[in-house]
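Here's a structure for you.
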Amino acid sequence: MMKAAIFVEPGRIVLDDKPIPNVGPNDALIRVTTTTICGTDVHILKGEYPVARGLTIGHEPVGIIEKLGANVAGYQEGQRVIAGAICPSGYSHACLDGLHSQDGGSCRHGLKALGGWRFGNTIDGAQAEFLLVPDAMANLALVPDNLTDEQVLMCPDIMSTGFAGAESGNIKIGDSVAIFAQGPIGLCATAGAKLRGATTIIAIETVPRRMEMARQLGANFVIDYRKTEPVKEIMRITQGRGVDVAIEALGLQSTFENCLRALKPGGTLSSLGVYSEDLIIPLDAFHAGLGDNKIITSLCPGGKERMRRLMNVIESERIDLKALITHHYSLDQIEDAYELFANQSDGVLKIAITPN
Amino acid sequence: MMKAAIFVEPGRIVLDDKPIPNVGPNDALIRVTTTTICGTDVHILKGEYPVARGLTIGHEPVGIIEKLGANVAGYQEGQRVIAGAICPSGYSHACLDGLHSQDGGSCRHGLKALGGWRFGNTIDGAQAEFLLVPDAMANLALVPDNLTDEQVLMCPDIMSTGFAGAESGNIKIGDSVAIFAQGPIGLCATAGAKLRGATTIIAIETVPRRMEMARQLGANFVIDYRKTEPVKEIMRITQGRGVDVAIEALGLQSTFENCLRALKPGGTLSSLGVYSEDLIIPLDAFHAGLGDNKIITSLCPGGKERMRRLMNVIESERIDLKALITHHYSLDQIEDAYELFANQSDGVLKIAITPN
Amino acid sequence: MMKAAIFVEPGRIVLDDKPIPNVGPNDALIRVTTTTICGTDVHILKGEYPVARGLTIGHEPVGIIEKLGANVAGYQEGQRVIAGAICPSGYSHACLDGLHSQDGGSCRHGLKALGGWRFGNTIDGAQAEFLLVPDAMANLALVPDNLTDEQVLMCPDIMSTGFAGAESGNIKIGDSVAIFAQGPIGLCATAGAKLRGATTIIAIETVPRRMEMARQLGANFVIDYRKTEPVKEIMRITQGRGVDVAIEALGLQSTFENCLRALKPGGTLSSLGVYSEDLIIPLDAFHAGLGDNKIITSLCPGGKERMRRLMNVIESERIDLKALITHHYSLDQIEDAYELFANQSDGVLKIAITPN
Amino acid sequence: MMKAAIFVEPGRIVLDDKPIPNVGPNDALIRVTTTTICGTDVHILKGEYPVARGLTIGHEPVGIIEKLGANVAGYQEGQRVIAGAICPSGYSHACLDGLHSQDGGSCRHGLKALGGWRFGNTIDGAQAEFLLVPDAMANLALVPDNLTDEQVLMCPDIMSTGFAGAESGNIKIGDSVAIFAQGPIGLCATAGAKLRGATTIIAIETVPRRMEMARQLGANFVIDYRKTEPVKEIMRITQGRGVDVAIEALGLQSTFENCLRALKPGGTLSSLGVYSEDLIIPLDAFHAGLGDNKIITSLCPGGKERMRRLMNVIESERIDLKALITHHYSLDQIEDAYELFANQSDGVLKIAITPN
């Protein structure tokens, strides 16, 4: 048996015992050494995103290979690995078409979309002592010896997602980019915008610690939206041009709409937020459909190659995300960790959770 | 003096006398030989799209060079030319960044966006005996001798716009594409989808003549949305996958929303319609922002190179748009032509208008 | 035991008996119903492309699923399928990076590159009664009931390769494209150029039957290079502009060089040929490196999604490649078929080979 | 009259008197305040790149607007500006197709290609007291007050060219990139690779000062090719994968060939060098044409929007290229400056030249 954080009902994720999973031929069993809680997990906790009762939550694993399935070649037990939040199979039509995140998507039918997101969504997740990784050969990425668990803990989800915001926006050298909201994902989007060569990077936030972090990760300008009307300020900074790319990193109508209004003609809204209501596109902000604009949504890219690249970014010391880890908890204390994280208490950004 | 169709006030476009324009150093004066009325002109007529009183309407010219400005080289008076509805200057920041349609855009301020759209919007248009073409060296495209006026009449706007719907969707060989509405622009989008290599082309319409035309221009399937629920039918045709690209060619909430619902995970909504109200993005159709979807709007590409390419398409006989011209009027009868076109009477698709 | 066409030594491919392969957990065994010989097989026959002695040749299978590996889900025995010449695993770093054709590539070390090409290269191939398909879930593509074996026989290799020439060239609507050589692959490139929207399609050949076929498949102009200097003629046709894209479909210095010389400034050379000697880039044809040109090589894209799309093209009746099949042989006669094909006798384009 | 550096004959560029140019309606006359010498100018000096006798050399101007043509709007005399080495007109077919660098290219006919390169090539250049800028509205870019002449002196050519090497390679976050040669352009390519998000950046050089500069501008690894075989070392660094992108920044067969050999399957060779001999593509390094490789050449992008973006990069302090300026000369001493630069004496990288 092992300990696992289990969704019981809306409002309750509890630590409980569960059998250690059996290892199928293409699977790998990972002994989790570090994991964390994501904003999406809080949506699950609150019942806003539905998952099966009894499911183990969590999709951000660092761990040691405990056991390999009979068909899994190229790895050895005892190696330290990560796996992305999204686990593409590699063999689906979507994967073979280059859409790895939408693998096997049954996206047609409401929110249970997201074909490739399995951990803590359609199969047991990473907030546990052990994690079963499906399609292991596509998903296990070796962690270089010189990187700690905490250095790579952001790779499986928020770093991959945040960077995708910059990548989907097709940011070019010299671009101006506005990033609305500087939570963990928004901060990674800011770092991603810098990595892609944006040189006018405008972060919008109000929490002082996050505003400061935004500056450290690459923002040239940080707007406190409680003090300054952000669209007007963006227009001032860009001398009336608007930004080439606006990144939505919160999931609200107000930020989505401000993104649209901050864009130059021909600009791109790169959307990362998980929305919980219908969105409205104001006619004027959309130029009645004639502005040559793009709205692009991105789900966290996964797979071992994506993980390898992200760890390479960490290894190159071009960006340091350790500072995002503001708290440490043991798995035994995970209910407290959820309490802290769900309430955004004590300036929390991300919590490192260690099973023992 | 010359005759011109002039916007007087909402509800009234009248034929009146106006001075023949003076030719500035970078301009060309064109004697219009054939022009037409666009759906946008009807928006202007109804007062839904505001333009200055006294403006000459129309943005789809075929004509003969009457006079060239002092700096205009590479052309001769007497040559037959077209100019695109959108006239890029070539020298604006937007043009030099590859965004020719949003040239000089003051798109920030409501609907008077559309930097590059000048004819019949910010300067006098083509429904007149003479038309002044600004930045002539960027905009005059010679018509090959073997093409008639009517063969190239769709190039300045609807062919360019419709094809842009297919191009912005980045349609690939073997794609499935749904095009919602088969008015002149939707029909051109259908033809464009075929030209780009889509092989499951699904047109949605209800007017029999348009449904038949859709089939001629490339649709493999035509859905009468009054008889069959289109999204369900698209899912049936694509065996539950959804389409790679959905093209909106009407400008309504219902078609916009159906486009979203018809998409595969990772699919692209290519929007051509001119909307007149705020749009709603339903949460489920948007997969809460997690479907790796794109929404892309396109304004009609212009400039002499675009026109050259479109005329090359016509010349290659890969597509014949003459059948879209259902009626012929003289410029003297243009008020009647507006009447017919605004009411979509007599199965009208496009009207060829000849100044004399 | 089964019959198979086996490479014995340079100059000798013979039909011999071989054990029917064992089926591993991720494999599928296919009873081959139709296959064919490729130009690459002739390179193998002549010893110009080295493979192991005893290897079964051939990489273009149509067949029936005889047996599925223990882990293979989503298929049933008795279904009719094809598999691409290139069999991506789906789980390699290359696949997860979108480079499915270069899967596992050990391309560093000379000609045994081509990571993803396994059939008749690194594992037994399709010119046999049975074929073992590795990574079956990524590679088996169901053939629609309404398509015959011969209709889909070109999908595994030459259709996929030829179309890739058009796709890698990023052909746009209204482009001018020259395709040098109209063998089976060049003909498919011509068809692909048409499918992508090129409207000035210029094929270069000298064999009358191939010239005629080029016209049928989409060429607007066909140049007999023995009668007319092709680059000069291309410049005449394009009024001195040069082509947007030139496709090399033979693998010789002369065609490679003519492609370069036929390009417009900023144009793309899309190379499909398998070369057997060092290539020379003439300084002037390369504009000393200052022409903003691209040279792009493409290996045949594989995988079940590619096959599905190609069969959809066939099903849409947008293109008919059956006419490429000029001869029929049984597997028993395969040595004669090689004789015919290697000598390009009797106007042969492609030979359909049926195991019984 | 004004002073200007004039090409007299191979081996001789001399300072001489010349009339101040007349200002045509679309031109601007610039009083040059700072300029520099480019490697291409040395090719001209040596007679390797032919220009007309009597031509003023130089294509890297910083200056003050002295006089504006009658049609030039949006600028004022007395403003400080730069113009790119390549001056697109904006109105050519190439510009309207997005190929601004190949504007009006008569690239068909040998080395006098390079449509858009006019200064010091087809019209008088910048090594003079005054410079006439054609198509001024497309080419004049205002210098922000807080940037010095020397800070923006690299924008017109080497920064734009070097960055284009990174951009044409479509470098992605986490890519590995090798840059062969670290002269001024190679150093800018290294900086560009960093700006685009490459995290394994490998510079190849042998001059210590350049090696050190490479490290400062972003190289994680610097290989002295006289001490270490670079391809082998690149394979070691990338653990046998090869680089995603290799940038050629010298113009020699050896560096071109090493680029090819350093690439991963599917990798891109981004070529910036000006070659002076035919190039050879070795069969094995090209994988016989089957490696899914790209070879892309880039000419320096110009125009006012490019210049604006590059100055924004400088202003953001993301990169400081002032250190490339190793020497200062007055225009009166330009013959000495050529002597120094042509001989690469005294560790010279770039020379700032001030007319008075």
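A, B, C and D are the chain letters, set down in written order, and residue numbers restart from 1 in every chain.
One rule holds for everything that comes next: contacts are C-beta pairs under 8 Å (C-beta built on N, C-alpha and C of every residue); 3 or more make two chains touch, one makes a residue touch a chain.
Note that this is a predicted model, so its numbers are computed, not measured.
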Mutual neighbours - chains that touch chain C and chain D alike: A, B
Chain centre separation (chain A, chain D; CA means) in Å: 39
For chain B, residues that touch 2 or more chains besides their own: 93, 97, 308
Chain-level touch network, classified as line, ring, star, complete or other: complete
Parts of chain C lying in touch with chain B, wherever the complex brings them together: 163, 166-167, 172-176, 192, 194-197, 199-200, 220, 308-310, 312-313, 315-316, 318
Chain A partner contacts - residues on chain C that touch it in the complex: 25-26, 70-71, 88-91, 93, 95-98, 100, 135, 137-138, 303-306, 308
Footprint of chain D on chain C - complex, ascending: 93-94, 97, 99, 101-102, 105, 107-108, 110-111, 113-115, 117, 235, 240-242, 251, 264-266, 271-284, 286-299
